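In this document, chain identifiers A, B, C and D correspond to the written order of the chains, with residue numbering beginning at 1 in each.
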Amino acid sequence: MAIVEEFPERLRRRFRVRNPLLVNLLSEFFATTLLLCAGTGIVLQHVLSEGKLNTWTHVHLGWGFLVALCVYGTFKTSGGHMNPAVSLAMCTLGKLSLVHFFYYSIVQTIAAFLGSGLTYWAYADQIQNFTGGIRTITGNKATAGLFCSFPKEHISHSSAFLDQVIGTALLCLFIAAIIDKRNKIPTGLQPLFFGLGLFVVGSSYGMMLGNPINPARDFGPRLFAFVFGGYGWEVFSYHNYYFWIPIVAPLFGGPLGVWLYQLFVGIHIPDDTPSNLGLMDLPTLEVNGIKSSCSELEPLSENGA
Amino acid sequence: MAIVEEFPERLRRRFRVRNPLLVNLLSEFFATTLLLCAGTGIVLQHVLSEGKLNTWTHVHLGWGFLVALCVYGTFKTSGGHMNPAVSLAMCTLGKLSLVHFFYYSIVQTIAAFLGSGLTYWAYADQIQNFTGGIRTITGNKATAGLFCSFPKEHISHSSAFLDQVIGTALLCLFIAAIIDKRNKIPTGLQPLFFGLGLFVVGSSYGMMLGNPINPARDFGPRLFAFVFGGYGWEVFSYHNYYFWIPIVAPLFGGPLGVWLYQLFVGIHIPDDTPSNLGLMDLPTLEVNGIKSSCSELEPLSENGA
Amino acid sequence: MAIVEEFPERLRRRFRVRNPLLVNLLSEFFATTLLLCAGTGIVLQHVLSEGKLNTWTHVHLGWGFLVALCVYGTFKTSGGHMNPAVSLAMCTLGKLSLVHFFYYSIVQTIAAFLGSGLTYWAYADQIQNFTGGIRTITGNKATAGLFCSFPKEHISHSSAFLDQVIGTALLCLFIAAIIDKRNKIPTGLQPLFFGLGLFVVGSSYGMMLGNPINPARDFGPRLFAFVFGGYGWEVFSYHNYYFWIPIVAPLFGGPLGVWLYQLFVGIHIPDDTPSNLGLMDLPTLEVNGIKSSCSELEPLSENGA
Amino acid sequence: MAIVEEFPERLRRRFRVRNPLLVNLLSEFFATTLLLCAGTGIVLQHVLSEGKLNTWTHVHLGWGFLVALCVYGTFKTSGGHMNPAVSLAMCTLGKLSLVHFFYYSIVQTIAAFLGSGLTYWAYADQIQNFTGGIRTITGNKATAGLFCSFPKEHISHSSAFLDQVIGTALLCLFIAAIIDKRNKIPTGLQPLFFGLGLFVVGSSYGMMLGNPINPARDFGPRLFAFVFGGYGWEVFSYHNYYFWIPIVAPLFGGPLGVWLYQLFVGIHIPDDTPSNLGLMDLPTLEVNGIKSSCSELEPLSENGA
């Protein structure tokens, strides 16, 4: 059944992009489009069914697994940030240059625009049927919420800003802990845990604004709603020009979360002492008379698992 | 407690089928029958309890885990496609010949027919009790939906077709990313992630048609509903002969998804550079004076984990 | 922080039971008590809150994770069957002698009796408060269902029997696939997948009887309800002496499931050919001039992962 | 894209704390603050939405994943107890000295105080909007429950005490089984299973009191509710000074659970016999003419996976 040469390998030899930045930008573009295409669909099924099909719990579980899958798909290229706040946090860890952060952000925002547009197009009939043709941000038949966040009127800008800082800090703090090489979390599980992290953040700081915590995810679809959605300028002017908060606040929250983790835990982790909880004594592995302690060998299986 | 020789090993020596195609077809038959037997049960508990026991979320979670388990059972033989759209996508990757694709599709459809029939038979009393003996496709006591998809009347054929293309593309795109050997996702986790992928697709593109995205899964049970279910010719003629859409559209969506992934990410993944996110520096492992870089060794633990 | 010698190791040297059968029976006793103690609690929170706290979905998710955890705790001793139907299925695979199956079954039933009793005792006040002191099997304030299964009156004995055969067959079929060494599913994940299997069975064949599929789990608590629960002889006589069905039917279903898997898939799995889906080419690992193919080495990391 | 030296490594060289106790206390402080900050948020979304957004199931799933993530972040330092009952249980296993247990407990309680306070501050507007400014423990608009447990009046102190003993025993019993090195559960999965364990406990023994099973988690926020929350002395005097029960009872339950596991299973696990269920025969691995049984090598991949 084995084919002499698989088709992707042939294409790879001819069309493979070798510039690492370009490869990463392609991946960010792909992952963020995917995230918003399916993610907008998840919210849409919540909105159009008035919470009967996709419940609030379902929405957050769906987004969690979706983020995990998008990261799995791009884990060996850009890492699947899909979020300028995450990219900026990676900058402050020295894993990304500031110039690349700007490129990433722009590509992520364009991809979010397109991804949400794709779902809007696919569901055009259903949205028409639900709203009777009138696009509104508030009210019984409001549908703008399937693109981006529109908080209730009683939520002050300062509450919203704080909410976004804490939410993004929590997410990036979880990410920082998960990717810390000294924590030795199997790389094959890390994307899944990012997704669980997003689920937890949405479950604890998602009520006020619906958990955007991502400038590209909020602004890109908002732009689409303005340009093609038929919701008009109100998508920006709503609630005293609230729209800038989920763009700016996460950029503070991301780095904050990463560094809280580093200062309290990360930089103090012993180099190779097993924890008190659950780690077995490391035996030594003797091969051919040369004793090598297992802690030296660990990264091998770590990496592979 | 150890037995000298386990019974399955004895049978294996005597009855083992050695023709790989036949082994794979047996596996596809088994997995697809299982998928439809349990899967129809999941939908049935939703329908007969009018959404009270198995909620919409429960149905999608159940199908996700079910797919994962069916794939685990056949992962070392056919791979557990259970879906002609997935098989066709594998064809375009060069992992399956076109002739085998046809064999797979036929076996999958027969198995879907039988699997849904098994559950129909087991639940005959309950269905009778629920419907009062009248089999209908629409209305309060409609039960045809436990076999296959019957969209609402306001959903146009073009919307339905697009929905099925996108849904199947999403699923196969996730599959392509998960099985890409350069992504180094542990094989022991891959079937679970296929299941989460299905959950995400149903959560974002499941509202219109109920997420068939599988020609065998939709047509096989539809045939059963026609032949033995007592729903009559209407299972085909319903909604202006809608039935062909979940057969044809997924066959476009599957390859589309796989190749979108390959063109944007897959063929550009560097051969052994760790990603920016989360991978530790690979140490070298010295055994007996011969240095071998860990990246050479990786597949060993990869494969095992 | 390391202690010279951990306390359990000291006890181990003095009190360790070395008879394997006794060790296994202790484990089965422990795991089944635990399963019924927590499991009855899960059902109880469903019953006493009238489905508001623990929904139907929650009950099945809770049981799934509970089974997984009970198996993790006894995975290296008896394997955590907690179910005579599973033990009998293991018999037919040659992993357990028929005599031991009888010992296992008796211990499992006693443990189920005690486990459900423990929760009944802990929740005595709440049950009293809910029922106003009257213990009934049917009606608005029925509580017997928290011990064991009591099907609706319109479910015939033959439907119930078939339901239990299929349900147990599905469960044991999943177990057989998961533990098949040729499927190379990491042992560290197997108990989790047993739990997901139970979730799927309850989601597809749980509506009629509530998914007992376990003679000990149904009969032990039923006995407790008779002796100490105050429900009287009706726990046996209910619905024309239905009580024997979830005892006998699973003993047919368990072996059936295991052997369906073996005959369709298990005995035909090639010895070391990678599947079509997702397995990378196995590289050879050269150590000190001796080439050893990875497939020889696989079980090492397999086992560990 | 690789940076010559990552920023955290520079800080590490300059500010790394090398006293293991201090490192552990920093980690406990960090993890417990995080747990209560997000955990209070999860409960708060349940309370303020009157169960519509975060359902009961969602609350327990969210706490389960949250605990898992907090432990992942501190797994290689203190182990992420976040709970004096767990720390005491570790004492009785000889993994922690009694003096350190006291330090841990104090830090955990302070962190719980601060963590819940952070969320109270962030959600101040919303709480004000929900309650209309009146802070109450009971009634329609009661909000004290988002800090700590306040049982219904009909629950006697003895029922509450028993509930907390059993709940904590179950949790610590699961933990003891998961971390038992002889069970060989991959360390990279252990924190996830702690989280599933918490989910199961809340699903079976969470109805009466809401599943505190943690002295720090209950008392710290209670103190905050008294000092800054505006609920007055009633947070202590409520229900005949119930507040001491979730402080004292878990300290009995934790060690009880750990030792029940050890006496029934842990100390009897054979040293290297594979279980009856699912383990393959261990092959020997020959390298350079020296045969080393795989059981010797196991911990390597075990540890890494």
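Just so it is clear, a residue touches a chain if its C-beta (ideal position, glycine included) is under 8 Å from a C-beta of that chain, and two chains touch if they have at least 3 such contacts.
A quick map from chain label to UniProt name: A, B, C, D = Major intrinsic protein domain-containing protein.
Bear in mind that the values here come from a model prediction, so they are computed numbers and not experimental data.
Student: Shared numbers divided by all numbers used: is that above or below half for chain C and chain D, i.e. same or different?
Tutor: Under half of the interface numbering overlaps between copies: different.
Student: As a test of understanding: of all chains, whose mean C-alpha position lies farthest from that of chain B?
Tutor: D
Student: Working from the CA atoms, figure out how many degrees chain B turns to land on chain C, in steps of 5.
Tutor: 90
Student: Hey, how far is the Cα centre of chain A from the one of chain B, in Å?
Tutor: Taking the average C-alpha coordinate of chain A and of chain B, the gap between them is 26 Å.
Student: Centroid from C-alpha atoms only, then distance chain B to chain D, rounded to Å. What do you get?
Tutor: Taking the mean C-alpha position of each chain, the two centres sit 37 Å apart.
Student: Return the residues of chain C touching two or more other chains; collapse runs of consecutive numbers into ranges.
Tutor: Correct list: 1, 20, 24, 55, 57, 95-96, 178, 186, 189, 276, 287-288, 297, 299-305.
Student: In the complex formed with chain C, which residues of chain D make contact?
Tutor: 20-21, 24, 55-57, 60, 92-97, 100, 154-156, 159, 162-163, 166, 170, 173-174, 177-178, 182-186, 189, 193, 196-197, 199-201, 203-208, 260-270, 273-283, 285-288, 294, 297-302, 304-305
Student: Write out the stretch or stretches of chain A touching chain B in their complex.
Tutor: 1, 3, 5-8, 11-12, 15-17, 20, 23-24, 26-27, 29-30, 34, 37-42, 44-45, 48-49, 52-55, 57-58, 61-62, 65-66, 68-69, 71-81, 90, 95-96, 118-119, 122-126, 129, 178-179, 181, 186-190, 287-288, 290, 292, 296-297, 299-305
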